[in-house]
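What follows is a pair of complexes built around chain A, which joins chain B in one and chain C in the other.
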Partner chain A sequence: MNGIHDLGGMHGLGPVLREDNEPAFHEPWEGRAFALFASTFVFAGYTVDEFRHAIEKIAPAHYLESSYYEHWMFAFEEALMKRGFVTREELDARIAQLKNGGH
Partner chain B sequence: MNQSHGSATESNASIRVRALESLLTEKGLIDPKALDALVDTYETKIGPRNGAKVVARAWVDPAYKQRLLTDATAAIKEFGFSGLQGEDMVVVENTAQVHNVVVCTLCSCYPWPTLGLPPVWYKSAPYRARVVSDPRSVLKEFGTELPETVEVRTWDTTAELRYLVLPERPSGTEHLSEAQLADLVTRDSMIGVTKVSAS
Partner chain C sequence: MLLTPEIVPGLLATGASARVAADVAPRFQVGDLIRVRNHNPATHTRLPGYLRGKLGTVERDYGVFAFPDTHAHGLGEKPQHCYSVRFTARELWGATAPERDTLRVDVFDDYADPV
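Let's look at the complex of A and B:
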């Protein structure tokens, strides 16, 4: 599948932007997303192929605009839902609750 | 994520992560303290200083270097560096004739046990797109200008293999100890976008 993720050789993307003294995580949620992935990896039994396939399903514009850890979140939410550890409904309900200031 | 509670400025991504973490915690599938420990490990313990120790050892110990180039995974494990994203390592050696540089064009695969988590530029579209088609222009942006006679080899990571570049030992470092040499080795030199300098 030749999608937006397959960036090798693509032209016109501009210079490589670097950051001095870059932190491991730019925001606390990135660290939590990383740790969530690493802690669910074993019991959920993700495979690399599955993970990549999920990332390849991200819409192209969103893929380029969103951050690395958002790609990950997309992939392992999919994997956890597929295995029944959480449902879309549970997740959406919790997101709505948190947005309304709930804990 | 206990430090923020649905503030007006919290990003959607942050809320999503918090929602998933709280659900999985309630189900007893994860322990938030274990997540804290993981974040701390990757923020403070696992990083390019690990890879630098491997490189410095290879510079001072020819037998170790030989092991590193023939079975990198095992040689790196001698330091206790192993695990996630370091299961199948390959070390490529820079010489006066060959300069190696590493990328993952499809995503962001990177050797965590030796280099920690990748910098954003490594995961960025411009790096991944151009380092395979015009590596010299990318190296130039990193201040690395190589003579035309030097062959540049770009290694595109696969789903399983992780590459680490063994940079050239700079001249004028004959008097330095292994630990002092390790201090010279930078993350970028082990990705292959820069060389190691003697100071």
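Let's look at the complex of A and C:
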């Protein structure tokens, strides 16, 4: 797929920035997202390649503006929706609940 | 299948490796010159677009892996060799690229033709 993820050789994106003493996770939710890979990989039974392809399908502008683990979250949602574990409506309802201060 | 504690260390150590224990003959040997195919599917591929049509030299054979282009779509593992292939910066980016710079990229058998 010839998409925005295939950035090699593109100009104008600025230097690759290296962070001194970079932590494994910048936010606690990133650690939880990392752990979700193992559990969803095993019970949803997707392949690493399907996971990568899901990330390629993120809308191009959003892909560039979102972070590494946001890409992962998108791939989890895709894999789980595809297999009927969760629906878009359920995810949207949960997001709305959290935005409104819910737990 | 549910995730159990015994599964986790292996999964983390290999990064959910797609290595396949299949006896498949390699199409290329270390030292071979290859040309990358003009392979541009609308579906998943691990071939970076900037390699299409480029010449490179096989530097290492990693062994046999599931082919990402089919594996991503439930079309089977199509196990095949994956190589580290060396490309010169000038081959990739043209005459103004630094003369001595090279880049190594993982290339599957199905991405390349012999020269």
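What we mean here is this: the second predicted complex is superposed on the first by the 103 of 103 C-alpha atoms of A that agree within 3 Å, B and C clash if a C-alpha of one lies under 4 Å from a C-alpha of the other, contacts with A are read in each partner's own complex, and residues count from 1 in each chain.
FYI, contacts are C-beta pairs under 8 Å (C-beta built on N, C-alpha and C of every residue); 3 or more make two chains touch, one makes a residue touch a chain.
Keep in mind it's a predicted model, so treat the numbers as computed, not measured.
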Three-chain arrangement built on chain A, chain B and chain C clash or fit: clash
Touching partner for A:H53 - first (chain B), second (chain C), both, neither: second
Dominant toucher of chain A (residue count), chain B or chain C: B
Which of chain B and chain C A:V42 touches, first, second, both or neither: second
Touched partner set for A:G8, first chain B, second chain C, both or neither: both
Steric overlap of chain B with chain C in the superposed model, located at which of 23-31, 59-67 or 149-157: 149-157
Overlapping contact positions on chain A, where the chain C interface meets the chain B interface: 6, 8-9, 38-39, 41, 43, 48-49, 52
Sites on chain A touched by chain C in the complex: 1-2, 6, 8-9, 37-39, 41-43, 45, 47-50, 52-53, 56
Residue ranges of chain A touching chain B (in the complex, touch as defined): 5-11, 13-19, 22-29, 31-36, 38-41, 43, 48-49, 52, 55, 64, 66-71, 73, 77, 80, 85-86, 90-91, 94-95, 97-103
Chain C residues within the chain A interface of the complex: 1-3, 7-8, 11-12, 15-16, 18, 40-46, 48-50, 66, 68-69, 71-74, 92-93
Complex contact set, residues of chain B against chain A: 1, 3-6, 11, 13-24, 27, 29-31, 34-36, 38-39, 42-43, 47, 84, 103, 105-108, 116-117, 119-121, 123-130, 132-133, 138, 141-142, 156, 159-160
